[in-house]
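Handing you this structure, nothing more for now.
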Amino acid sequence: METHIEKLATLFARFPGIGERQAKRFVYFLLRQDNGYIDALAREIAELRSKVSQCTECFVFFEAVNGQALCSVCSKRDLDQGVMMVVEKDADYEVIKRTRVFGGRVFVLGGLAPAILKDVDAYIRIRELRSAVERRTGKGGLQEIILALSLTTLGIQTDEYIRRVFADLVDAGTLRITSLGRGLSTGTEIEYSDKETIVHALSGRK
Amino acid sequence: METHIEKLATLFARFPGIGERQAKRFVYFLLRQDNGYIDALAREIAELRSKVSQCTECFVFFEAVNGQALCSVCSKRDLDQGVMMVVEKDADYEVIKRTRVFGGRVFVLGGLAPAILKDVDAYIRIRELRSAVERRTGKGGLQEIILALSLTTLGIQTDEYIRRVFADLVDAGTLRITSLGRGLSTGTEIEYSDKETIVHALSGRK
Amino acid sequence: METHIEKLATLFARFPGIGERQAKRFVYFLLRQDNGYIDALAREIAELRSKVSQCTECFVFFEAVNGQALCSVCSKRDLDQGVMMVVEKDADYEVIKRTRVFGGRVFVLGGLAPAILKDVDAYIRIRELRSAVERRTGKGGLQEIILALSLTTLGIQTDEYIRRVFADLVDAGTLRITSLGRGLSTGTEIEYSDKETIVHALSGRK
Amino acid sequence: METHIEKLATLFARFPGIGERQAKRFVYFLLRQDNGYIDALAREIAELRSKVSQCTECFVFFEAVNGQALCSVCSKRDLDQGVMMVVEKDADYEVIKRTRVFGGRVFVLGGLAPAILKDVDAYIRIRELRSAVERRTGKGGLQEIILALSLTTLGIQTDEYIRRVFADLVDAGTLRITSLGRGLSTGTEIEYSDKETIVHALSGRK
C-alpha cells in the first residue's frame, strides 16, 4: 500500500524538472515546516484556478479583479492594434513584457507543434489564433503577426507551420508575418558560433 | 499588490533547491493541470502532518496505522538492541534501510551541527540522543552507536561533537562509538583521490 | 631540482585551458608514445614559426608556398574591396570563412581591448588597423568595416573603442562602421533570454 | 594538402582529453609565443625519452642521475620488502607517494584489463608482475600485494583478474592479496551513496 509520503511524492514528481528523489525531499521538507506555511500552500494551490482567469482574447493567465474577461494588456485603450506577437507560453510572455518595448497584442499558443504531429490543432491554439487574426485584420486593424518562438527545432517547426496556416492572408496582402531576428545573442563567442547564426548576424549587421 | 500567481510562486521558492524561476514554472504547470490532480495535491499537502507521525523513539517520520507511537523498526520484536545508528535525516535513513544489512535501531538527528554554532542542542536532537542512549545502555542493552554521517565538513564536525558528548560513557566502558568506515567509494579513481581517502583505504585494505 | 618531467609539465601548463594535472598527463602520455610520434611532434613545433607566415595585410597566419607576403584571401583578384571584417583572432576568422558568405577582406586584431587598459595599441593592432583602413578608403576603395567581435563584455568594449578610433572618418562620410547583428542565436529559448537580446531580436524581425 | 598548422593540430589531437578544436587553439597559442618558449618546448619533448628512464623493477618513469637502472624507491636500503603495491599508472603512483604512509615497493601495471580482452598480457604487465612476485616471495621476502586500482568497472575487473593469476600462491599460503578498503570517501553524502559503498562502510566502521 502506498503511504501518504509516497502518494505526495508521486504527485510532486509530475512537477516540471522534478525527479523522484527531489519529490521525496519536498515531502520531508514539508514535514518540517510549521502549520502556517503548510496551510497557506495547500490553500493557494486549491484556490489557484478560481483566482486566476485565462484571458479570452490572448489566453494569458491573469487575475481578474472585478470578473473581467480580458487581461490588462488586451483591455488597454491605447493598445497598438496593428501588431500581435505569438508566444509559446506564459513564461515567454513575461520575458517579453519585462523588456517594455512592445506595445501590441500578444497571443499565447500553449505549446509548440512538432512537425510529425498529425493533429496540431488539438494540442496548441492554432484555430484560436486563426480566428483571432481574422477577427482583427482589415482597415485600421491587425497588419502583422510576430512569431516570437524559441530558436529550437520545435520552435522553428512551429514557426514554419504558422506561416503555412496564414499563407493565404499573406499572399492576399492582408497580413505580414515576421519572426524575431537572428544574430549574436548576449554572451555569444564568435569562435563557438554555428554557421546559421553567423550568416544571420552578418546580413543583419548595423 | 502581490497576485495569487506570485504568492504561490513565493511559497514554492522555499522548497529545497527551487529558485524563483522554477517556482513560477510550477505555478504555470498547475494552471494547466486538471482539477483531479490539483485537488489531490492540495489535500495531500493539507493532511500530510495529520497522516504522518514522528516516531517517539527514533524521530523518523512514519504512518501510524492504529495510532501507535513507534515506527515499524522501533517496534520490531527481534530488533538488535545492542547497536544504534545515528543519521542526519530521513532520506539518509532510507538509503541505509535499502541496503538491508543493518538490524539495529536508528536515530534521526534532524540536522548537522556546525562547529561555530553556540547552542547546538537547540537545532539538532543531541539531548534526545543522549537521553535515548542513557535509557538503553546497561546489561543486555545498547553497546555501540554508529555515526553514519556524510563525510562533509559539517558531517565530520557533528561526528566529533557527538563523540565529545558521549566521552564519559566511552571512558567508563559503557558505550562504544564507531563511524562509518572510510575508503574508496564506488567510482573513485585513484588519480583524483585525496590523501585522507587513500590513507584510510590503505589501512582498511582487505 | 626540477626534473625533466616537471620541466616539460610546466611548459605544457602554459597551454590555454591546461592545468598542472593535465600538463603532467601530457608528459606521461608522451612517455608511452613511439619515437616516430615524438620526433614528428618536436619537429613540427620547432619548425612551426618558420613554416607559417603572418599576412602583412590582414595578420592572419598562413603557409606561404613560394614566399609570398599575402594570404590567399588578401591576394585574391576578385576580392570585394569595399568591405573589411575585423575579427579578434585566427580561430574566429576560420569560423567566418567556413560560412562562405563573406567575400571581402579580413583583419585580425590579435586580441580584445579591456576598457581599463591604458595603452590599448600596445596589445592589439589598432594602429595597424587604422593604417590599413586609411590606405584603402577613397574612390572605389574601402567603404565599410564590419566589427565581428564576440558579444562578451570585452568584445563590446573593443567594438566601442574601434568606433571611437574611426569616429572622424565616419563623421566625414568616408567610412561606415557596422557590427554583427544581434538577435536569437541557434538554440536560444525565449524564456531564458536577456532583455538586450529580445529588444534586438524584436527590432531586427523579418 | 595538409598545412603545417593542420599537421601539428592533428598531433596535438592525440593528447589525452584534447579534441580537434583545442588542438587547433594550441597551435595558434604557439604561433603567438616567443622563440625561447618554443625552443624549450620542442627540445624537452625531443629529449624526454632519453632523459627519463623506466625502472627495471617497478616500471615507473624516473630520471637516472648516474645511469642507474632502479628508481629511488626500488633502490632504497630500508624498503619494506614484505609488501608490494600494484597501481595502474604513474599518476596513481604519485598520488600514493604524496600520502607518505606507504613504505613498500610499487609496481606500475601500465593499464587496466577489460574482462573481454583475450590477451591481457599483451596490454598490461601481468607477466612482469608475476615474475617480480615470484622472484621476491620466500623467507624474509614478499608476503602481500596490495591492489590499489580505481573502483571503476575496469579497475574491479583487473583486481579480479590479478587475484586469479595469483590464486595458486595464495592457496599455497605463500602470498596474501589485499585491495584498498572501500567506504565513504571525502565529500561523500549518505543520501547519494550506493548500496555497495554503505555496506562496506558499515562493515569497516571504527
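A, B, C and D are the chain letters, set down in written order, and residue numbers restart from 1 in every chain.
Methods note: contacts are C-beta pairs under 8 Å (C-beta built on N, C-alpha and C of every residue); 3 or more make two chains touch, one makes a residue touch a chain.
Everything numeric here is computed off the predicted structure, so don't read it as measured data.
J.: Check C-D, B-D or A-C against A-B and flag the pair whose interface repeats it, over half of the contact pairs matching by residue number.
T.: When the contact pairs of A-B are compared with those in C-D, B-D or A-C, C-D matches.
J.: Report the chain whose mean Cα position is at the greatest distance from that of subunit C.
T.: B
J.: Just give me the whole-number Å value for how far the CA centre of subunit A lies from that of subunit D.
T.: 55
J.: Using the average of all C-alpha atoms in each chain as its centre, how far is it in Å between subunit B and subunit D?
T.: Taking the mean C-alpha position of each chain, the two centres sit 39 Å apart.
J.: Considering subunit A alone, which of its residues make contact with at least two other chains?
T.: Those would be 89, 91.
J.: Which two-chain combinations touch?
T.: Listed in label order, the chain pairs in contact are A-B, A-C, B-D, C-D.
J.: Show me the residue ranges of subunit B that touch subunit D in the complex, using the header's touch definition.
T.: Residue list for subunit B touching subunit D: 87-89, 91-92, 95-96, 98-99, 101-102, 146, 148-152, 155, 178-191, 193-206.
J.: Sort out for me which residues of subunit C touch subunit D in the complex.
T.: Listed in rising order, the residues of subunit C that touch subunit D are 3-5, 7-8, 11, 14-17, 22, 24-31, 35, 37-49, 51-52, 61, 63, 89-91, 94.
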